[in-house]
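You will see chain A twice below: alongside chain B first, and alongside chain C after that.
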Partner chain A sequence: MEHKLLEIKGLKTQFIGDKKIIPAVDGVDLTIHRSETLALVGESGCGKSITSLSIMGLIPENGKISAGEIIFNGEDLTKKSEKELERIRGNDVSMIFQEPMTSLNPVLTIGEQLTEGLIIHDKLSKQEANARVIEMLKLVGFARAEEILSEYPHQLSGGMRQRVMIAMAMATNPKLLIADEPTTALDVTIQAQILELMKELKEQFQTSILLITHDLGIVADMADRVVVMYAGQVVEEAEVESLYENPAHPYTEGLMKSIPSLEKEQKRLYSIQGYVPAPDEFPIGCRFAPRCEKAMEICHEKAPNIYSLGNGHHVRCFLYKELEEIVEQ
Partner chain B sequence: MVKFIIRRLLGMIPVLFVISVLLFTLVQSVPGDAFTGDLNPKIDKKYIDEMREKFGLNKSPVEQYFIWLKNFAQGEFGISFKNKLPVSDLIVDRIGNTVFLAVTTLIITYLLAIPIGIYSANRPYTLSDNTITTFSFIGLSLPTFFGALLAIYIFSINLEWFPSSGTVTAGAGYTGIQYLLDRLHHVLLPAVTLAILSVASYTRYIRSSVLDVKQQDYVRTAYAKGLPRKKVMRKHVLRNALMPLITFFGLDLGGLFAGAVLTETVFTWPGLGRLIFESTVNRDYPVMMTCYMLIAISILIGNLIADILYAKADPRVRYD
Partner chain C sequence: MSYLLEVKGLCKHFPIKKGVLRKTVGLVKAVDQVSFYVKPGETFGLVGESGCGKSTTGRAILRLIEPTSGQIYFEGEDIVKLSRTHLRKARRDMQMVFQDPYASLNPRMTVTELIEEPLQVHGLYSTKERREKVFELMEIVGLNRSYHDRYPHEFSGGQRQRIGIARALALQPKLIIADEPVSALDVSIQSQVVNLMEDLQEEFNLSYIFIAHDLSVVRHISDRVGVMYLGRMVEIGTKQELYQEPAHPYTEALLSAVPIPNPKAKRERIVLKGDVPSPANPPTGCAFHPRCPKAFERCMQERPELIHLGGEHYVACHLYG
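Up next, the complex of A and B:
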């Protein structure tokens, strides 16, 4: 129990559309242990970001958590008031976003934006906050940290802005850092630097990371465990080695095959046919069945349960129905 | 910045020249002149011809333009055909009233529109937002003069709360604070009438601007930091959402001297708007040209001020 930092049980987050209820996240279970990096993988629109925003309590106004528990550090976040959540956000749980270009307020100085969280959470004075921020900026690789404080976001490049976002997120020494596609908008060379920086900081601060990505390439490098999401559900969960050696779910397999490889000579890049169905158009059976190369009759009729391949490797697929069934909470 | 301002001011000269040519052409192309309408049969036709000669109305339009330009450039605005008074005196007489009315209107507009717009944006598509939207559209589609007449009918004639015309109570001889209150009492009805109309468009604008900024990534970042809702609104949303109002403010500054032609006329408010109206009806060329040029200059200056304010408010905007 002690080493579980975050445990999500049966999370359902819904949006109210035009008289329709849209189940963006539909019964997600996942666990993050202390100082572990968990990668949450899946295509766009599969509910990864909404899962992370649900943890933060930052779901857009027309959405709500309709079922499930988010137990962080022993307390259920879904039962917390807005005031209590404010004390946790940016303090115990921090978040960095996909778009460093637009995630900083264009009219406030970097210093102003970096210190405001510290002033609120750690009750620091302006000077103390500034000192802490300068220390953080140096840590994320700014040589001229003092000068950056009085600069504005538009004076920095995308990679520098993401470093600022990381400094902002880590300044309060959070227990959990949620990184929502932190490198997607960056150049490949900058990507590697940012990932390296996140690894270093994780070691230093003993922070757990929830890394949301659609790039399986960076998962192998960063994560301890992987959760694969498809159409609002978890379809596979495994230790990173186990997943790469033996991707069980046809969807995971498809994602793996979609990574361009230099070793194998490929005429065409593999791609999974079709698109993620919209949350109001989920099929009756397995949600992946219409796109699945291995789909059987049963897949179109019944929704599969979760089966265990042992060693914490779970998969939601009828191909494994002979194996031990995991009961969902 | 100083260089920028000087460059912009110098740049206004050719613009004003072109505007003056256009204005002069427009003014001159209206058939007749200031004396056409003098139907008094007792006036000798010869006298009218003499007057036309005296004021240079018999010269060719091009000649007349350059005479006007030469005088205007030297600060000679001419003599009103109608009142036989120097145009500068007429304008000085009226400008105070117009500015007083315009500034009051502007203050009322901002005091109403900003809170209403923000309120509306924080509850999009609810009953209160839809009610505000409905009233905004009524306000937007109501013609000024109709609103003014309606206001006079309700608040002056029926309720007798406000006077329907003038800037002070004639012959009351108020001084000090009483004088000020009396003026405020007179300005309120025309100012509120004018304000209601601009509140409608401002409210719409502020609502959509706040709604737009609330969707921005940096607002989500601010929430993710754990800032309370109020602080996010004040520090991150409003600053960005209200910045585009600077443009409106610049336009309003420009419109300040244009006066509210119709409203001033309906409320018999002796401001520039009425002067423009009267001079246009009477083809009083010197007054017309001076007033129109004044409007052109104030719009250019208003835009310049808006640009300067932008540079102050938005760090991304820099002039060198």
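Up next, the complex of A and C:
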């Protein structure tokens, strides 16, 4: 079996704004291996969520994939019809979102919405679907799974709703689970429960996870590999330990230094100067150069290539231009 | 040493009304017998999960919502007893910064108008002086003067929070209550705003009540920290006492649940069972007992009072009494 489950090559997703084109995702390459958790990290507007929506074929109407390939399980998803994508979304790729309330239908009971997919995609009878849903709800930690079936989303707490979403996402035994900030709306003790649950399910079903988050603590806890995005591009990619031990890109390094520590006393927080540029104001050279403490002349003139630090640790930065260059797709 | 602010037995109970006659059928004890103090020039962090009453506490101190009972002494004077006119004067010394600066700034006002508004409301300075004051404030919080005629939507989240801080600073308050001031911001912007707040504190000898759910940020900025659970204060201590030797099982679990940005960190994570119960129907005795790994019989029957553990460390837990 092929080791790569998903391979994105040179993905560009654009949005049409008021007379201008907004390059939200601008040439992204990334790979997810089988039963691997890949974290996609970055701040608001860096394109991490649009990357995941591109995989799902769920880009909002004013946007489109203008270039690149998304190879999933050997097939290019960008060439699929809406109907074929729908089948893949239901079976092989599932997604959970930050706010489960927006993805659950408020007028349907939990039972009705969870059995829907099974009846449509797996052609199960109502009884079979119910039995399967109860099994899934027990798996995600509901002791009283039978009772939950007849309850409505508003009767559940935020943590319970996210469990329901996970049950729904895992019900078809997907190969890839995309989790977009799955615990951002939850309290820290509930977040701990959900993260533990995701780890257990991943072990059990060998599911690959694409975890989108801004929280570097969660990344350290969950991920095998990490991709850091800034202004629509991948700026660094590495195994999780390599990234935290040796953050190569000045942006990654700055992010790590900006978080206050729970365990150590710090006098003053490090802070990255300035703000993320808007997509129509991207600088000509490196997009991070205006905020970068280590920027050189070349950084303001030319867009940097990607260089390899070995062991799959790649960085888009001229500081490493003596190293081996990685050719982009 | 005298306190700048002393809160004693603060309660805020919201009635639950049902039926056509809107009869009160129960009470949500959002804040229940909360006591703490803030010294001049210090930062008091208030942490807890959603619904624990930390924001309600902040608002009740400013009487943005009227407390049900309790005393709030600001520089020795009980604010709860003040008339509307006197309260208005007292509020000059106590200002608030909110989580979402976009929701708390009028979208039809320019930055100048927004920062000038508090000065105008309190009838301070002449028009010309006010304008100068606005420019001065913009400089202090790190906003470019040339942005003075822009509207809130033209700014990023971090810049909007700077406007919110400038508004709070305009009246030269002694105490700023900041309710989740950095939670909506990205990491790189969050540290800019935290640093700004620390600089301002030093320059103007401000006291802060810093309300947040992010325990790392609270540790960084606070001198002392209070932990709330279901409307009650369960532990108070200096940040060293609280973070190095958490006494309450809830504080312990909360700290252990925070993901540490180090893939090699090996920690025993205490995963609490279940959800936070509804404050309309809190458990008997200690409100935390149904989720507490260390609960014993007394915890179900008797509500624990805050006990002094030494230093400035207090805990409400039967394990220590």
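What we mean here is this: the second predicted complex is superposed on the first by the 323 of 329 C-alpha atoms of A that agree within 3 Å, B and C clash if a C-alpha of one lies under 4 Å from a C-alpha of the other, contacts with A are read in each partner's own complex, and residues count from 1 in each chain.
Everything that follows uses one rule, which is that contacts are C-beta pairs under 8 Å (C-beta built on N, C-alpha and C of every residue); 3 or more make two chains touch, one makes a residue touch a chain.
Since the model is a prediction, treat every value here as computed from it, not as a measurement.
More residues of chain A lie in contact with C than with the other chain of the pair chain B and chain C.
In the overlay built on the shared chain, the residue A:91 is in contact with chain B alone; chain C does not reach it. Of the two partner chains placed by superposition, only chain B is touched by A:103; chain C is not. Overlaid on A, the two complexes show chain B and chain C touching no common residue of chain A. Interface residues of chain B, counted against chain A in their complex, comprise 216-218, 220-229, 235-236, 239-240, 243, 313-316. Listed in rising order, the residues of chain A touching chain B in the complex are 56, 58, 82-83, 86-91, 94-95, 97, 99, 102-109, 113, 116-117, 120-121, 152, 154, 165, 168. Within the complex formed with chain C, the chain A residues making contact are 43-44, 157-160, 187-193, 195-196, 214-221, 223, 240-241, 244, 254-256, 258-263, 266, 268-273, 275-276. In the complex of the two chains, the chain C residues touching chain A come out as 49-50, 156-159, 186-192, 194-195, 198, 213, 215-217, 219-221, 243, 253-265, 269, 271-272, 275-276.
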